[in-house]
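So, here's a batch of structures to check.
Here subunit A shows up in two complexes: once beside subunit B, once beside subunit C.
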Partner chain A sequence: MKLFKKMSLLAAVSLVAVSALVGSASAASSLSGKITINGSTALLPLTLQAAKEFQKLNPKVKIAASGKGSVTGPQAVKKGIAEIGACDWDASMDVPGFKAFDGQVANKVAVIPFATIANKNVKVNNLTTEQLKGIYSGKITNWKDVGGDNADIVVITRAFGSGTRVNYQSKALAGGDIVKKEKNYKEVGSSGDMKTAVATTPNAIGYIDLVYVNSDVKAISYNGVAPTTDNVINGTYKIWAYGYYMTKGQPTGATKAFIEYVQSQKFQQGSLKKLKFIPVSAMH
Partner chain B sequence: MKNNKMFQILAAAALVTTALSAGTAEAATAKAPVKSPASKTTAAKFAVTTTQILVNGQSASVQMLQAGNGKLIAVGDLVKAYGAAVTSSKGVITIKSDKIGHSLQLQTGSKTFKLDGEAHSFTTAPVMQDNRSYVELKPVVLALGGEVLDAGQTLQILTEERIAGSFASVSFDAQGQVVAVKDDADPAQLFHLNTDYSSRLLSSDNSVLNMSISPNGESAAYTDESGQLYLTSLSGGQPFKLGADTTVKTDLAWSADGKKIYFVQGDKQEKISYITIDTGKITEVLADKVENKSEVHVSADEKKIAYIVNITGVAESDKDSTEDSLKIDYSGAGEQIYTLDLNVKDAKPAALTTSNDNKLYPAFLSNGSIAFLSADSENSSAKGVIKSISADGKIQDLIGDVDMALSAASANGNIAAAGTAADGSTKVYSVVAGIKTELYSTKSDVTDLAISSDGTRVAIIADGKIIVVQNGKASQLTK
Partner chain C sequence: MSTSTQQAVPEDHALFMEPSSKGRFSRYMRVRMANRLFKYYFLFSILALCFVLGLVIFFIGKTALLTFAHISFAEFFFSFNWTPEEDHFGAAGIIVNTLSLTALTLVMAVPIAVGLAVLIAEIAPKWIKNIMRPVLDLLVGIPSIVYGYLGLTVLIPFLRRLSGENLGDGLLAAALVLALMVLPTICRISDEAISMVPKKYREAAYALGSTRLQVMMRVVIPAAGRGIITAVIMGMTRAIGETMAVVMVIGNTAQLAKILFTPASVLTSNIVMQISNVEFDSTWNYALHMMAFLLLVISFILILFIRYLGRKGSEKA
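Here is the complex of A and B:
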């Protein structure tokens, strides 16, 4: 019903593609069925906002989403327990630590900037690639070695399988390792847990999606460039990645319509920006 | 016949050259020599009828006659509608108005007329009868920048063209005027649209796509991509920052008195807060750590808020995130409606629903119940239904006649809703004071609705056009 003409066309296409998802044909939305989405916790707010808007256009489409870290997105698609795998990297290709998921298609839906963050008691404002590699490899353990106070650095990192971790290692650490330590080291399972851990642990350092950065934590510049959406778009800030919706082959039916809604100008220039993601088109 | 035409032209030429206001054109014409052969002949030839038409939505009485295949209108009646001036000199009638910005010249007996000096043609030549000039309606109205509509059985003249384009986000302000976004403009434009078919540009900025308009229609609020709230006057002036907070804010909802704006706050949409317009101070209303809230609605007495929580599925895997260990339970996923009593300190939210249907457009009814659209994703042949749920959880169907898919509410609890009938048409209903009425049916694609606070008017966006239904009559305000 509440369907723009473009979406009517999509619905018509979907009628042909997946009869199981389709209700009675009419001039209004004929899409129905359930879309399940699992994966990146970073992309979850975007997914849920888009779901809300898409369901107003297609009231009989149910969108059920869950977040458990990026790798579980393409895993869920592979296992057939989700139609869409939200992932902070292109899981159809090999990345450090993870093999490609064969047969999956990566649909770009957002640009996700990441930021190095520290507890607010940390006096350091900027870190270089080499300094960060030193901190996360365990070679630099005291803030005084990078221009701060004489205090042990508490390293907070995301658990294995996190898209934020994959991208942070790849971009901020230039492929460097994150080495587990006996002390002053903690692994967390989600973006929210990361922010809480860094905000509440004196001398802590961590990394997070830029959307989660607020006055509870201190954002650290990278090689002299502040982590801002403007600096991502103008090419000076390098720690960012595309967010993807992974699908088993090319998406069809309601799944295809939903992905196209998320990729639409209306959503990319509207709600996506309000949730502090960057439109895919901004990086072209 | 030829002689008659000649006499008509001579009669017109005999009129004294004088500038006349539209309203007095007939009186002056009547003072001209009336016993000309032309007058007598034409009077016998064409039957003049007095017809009720609409001019800019208002009823007006005009004289018309049928000449051959053409229906002609008295020039004097037409220019009166326009508030234009008519002059006549040497058989040439000139219609002119500063407001119109065009000059139109015609002669009785001649199919050629001039618009701003450029020649055009009538199908039927103007005639003179009983010292009144009659002219084809449509060419003249179009030439003067207006429109002729067939409003059912009643002819309607619009003295100015309606605004054209594709519209969205329709609403009524407190004065009952329609406000809508022209979304095919770049940047998007916000318009007031009046019942006389005129329109007024309020704002031209893409922020109008996400504006929340105040109950009195004087202001609008929106957030930019940094999360900063802005307030702008719809009567002009620059937007200004409201407070300095830049956390994520969505789902802006004004209180009925226009003093506060409620919203969902936080990067995980986990809080509900409001900002006081006068001070810019943000006050937290609910921070229960439940994420993914949306669709905040404030009751008219501001004693309660209703909102939706989008409950996520539960994914589990081992610490190494192995594929084998991954399990997801989506059985509890979906939207549920909650309410919160604002008058009770530290009140806990109350979950009104637990069913797994899709729930959209929650809104308070005047009796305190909450209306919402219920749609079943499991059964594609099941109709969407507008339901209401009371505070004690009693659910009843409000509108289930057709497959309901769209709903809107006024702040005081009137409901407008639309759905698709078996024949593919879209039917629009209202529920005012508990009484359901079918208002309108169309084959067009209905994409938005609004209902006025008094419940007498419903605005519909159909194929991007704005239609207002009132007293059983539909008026298309845009084209």
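Here is the complex of A and C:
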């Protein structure tokens, strides 16, 4: 029973301590509120960085951010679970596989470039839209048909519904299909897995956010243009998409202030660039 | 703990010479109270567990059954075409893959695990036992993602070279990783079961002129049968429910695995690959819940089945 007394004392003390903390927190600063952000994992690093900076300026605003998958963003907004739904495509319009979310506003926050990648043993440096369409639809199955060695092409793709896949299909494949095959075809669940799979599988081809591309894999040019941030900005490299914050109607209050902070020149030219995204303003 | 100190009181009794009836009464009350409290505590524990289990079944089941408002029972269970983006929700291939993966895993793991258990429990000298047991315990505790990563970086390139396939992913890779994962679990529990077999059984068998092999095969292993079956259950439930390690090596393509190297998909890997990319109120989401529900049902059935077998076996023995 002694233990019991001790426990209850401990509980009482911690209760007092917690309530004191809560009490002291609710003081200072003008802007207040709670922002829940859900959705895309690709945009999560940007969201977390922005949340950290924004909370320093506005200590009374609480931001909870998490990443799961692009489509969960607008869904969470629709259900009222989250104020902001981060999504790799404009969810207020129809995209292949997903209907538009009515009444939601898409706020552009960043430009995300994507790259076609291949295993380092692949000799091909450039692929055209038609060649990529052929490869992903299963019509072209050997590297020699696109100017490489005589070897089977191993297609690595993201699962259906992935934001990267939605964008890659609509930009790089011009809406073309990615067709499931019995051999030499594999689906992976995340950008990290994509990189590992392509890097370790000979003759593999895949696609990924440009920020993930490093010396482990070979970046392939698209219609003769190398995938670099400069080529995205000067308009020659076409495989890129805006990252969006979806909101229910026009954002208000703390949510509005947060989105404005992310869109501000200070954040776009500073932290956003450091995280290897491209500022929205660079695309005009 | 409090009850054990209470039980020491009668001895103190004599020392104090003046046992007050009041003290006795309160002691009696305390013991009664403690007993009753513990009774409620245990009851509460059981109820809490049943409640959680009930909730899981209820909520998964509720969402799962919505599937059949949109597609037919027959399509889900007998069609091999899982292409949700085109409204085809045939899970048969995935279900078959799950069962064959589990079977393949057990076929590889159980003989080795039981053999290893016999070695540790019966044959090996003490110093080997003292090394093997902690090593196996450590292996049980390694997170599945570590096994998956090893599978992806070591096993797959090896299988690729061995088989001449371009991708090493498939049932074989997954089964090998799973076999490695469940082996220590099965081995350790079997080992314990074998060690529990009374020494007199062995002595009697030797006295009747059995060879060592006969003692092992005819006496010790059958006597430890139920324990070994429990071990297999534990291994099997781990194999059937394992997700992360499988996702990394199976290829994640929703199709029936016709050969061991076809990139395939099992229930767990299919759920984890797709659940984050589906809309809440879609048949796709319901169908994935149905798969989760099915996984639950499959493990229940398998456990009941093996329990039943175990009981039958022990009655015979």
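Things to note:
As a convention for this text, the second predicted complex is superposed on the first by the 254 of 284 C-alpha atoms of A that agree within 3 Å, B and C clash if a C-alpha of one lies under 4 Å from a C-alpha of the other, contacts with A are read in each partner's own complex, and residues count from 1 in each chain.
Definition applied: contacts are C-beta pairs under 8 Å (C-beta built on N, C-alpha and C of every residue); 3 or more make two chains touch, one makes a residue touch a chain.
Given the structure is predicted, the values throughout are model-derived calculations rather than measurements.
Of the two partner chains placed around the shared chain by superposition, subunit C is the only one that A:185 touches, whereas subunit B remains out of contact.
In the superposition on chain A, no contact is made by A:120 with either subunit B or subunit C.
When the two complexes are overlaid on their common chain A, residue A:160 makes contact with subunit B and with subunit C alike. Within the superposed three-chain model, A:108 lies out of touch with both subunit B and subunit C [touch as defined at top]. Of the two partners subunit B and subunit C, more subunit A residues are in touch with B. By the touch criterion defined above, A:200 reaches subunit C but does not reach subunit B. In the superposition on chain A, A:79 contacts both subunit B and subunit C.
When both complexes are overlaid on chain A, the residue A:68 reaches subunit B and subunit C alike. In the superposed model, A:274 lies in contact with subunit B only, and not with subunit C. Shared interface residues of subunit A, touching subunit B in one complex and subunit C in the other, are 1, 68-69, 71-72, 75, 79, 159-161.
Across the interface of their complex, subunit C is touched by residues 1, 68-72, 75, 79, 97-98, 151-152, 154, 159-162, 180-189, 193, 196-197, 200-203 of subunit A. Here subunit A touches subunit B in the complex through residues 1-5, 8, 21-24, 26-29, 32-34, 36, 38, 44-45, 48-49, 51-52, 55-56, 59-62, 64-69, 71-72, 75-76, 78-79, 81-82, 159-161, 192, 211-212, 214, 229, 269-271, 273-276, going by the rule given at the top. The residues of subunit B lying in touch with subunit A in their complex are 206, 209-210, 223, 225-227, 247-250, 267-269, 292, 294-295, 308, 310, 312-317, 319-321, 323, 326-328, 330, 333-334, 356, 358, 360-361, 373, 375-378, 380-381, 384, 403, 405-406, 418-420, 424, 426, 443-448. Of all residues in subunit C, those touching subunit A in their complex are 2, 83-85, 152-153, 156-157, 160, 165-167, 169, 247-248, 251-255, 258, 262-263, 272-274, 276-280.
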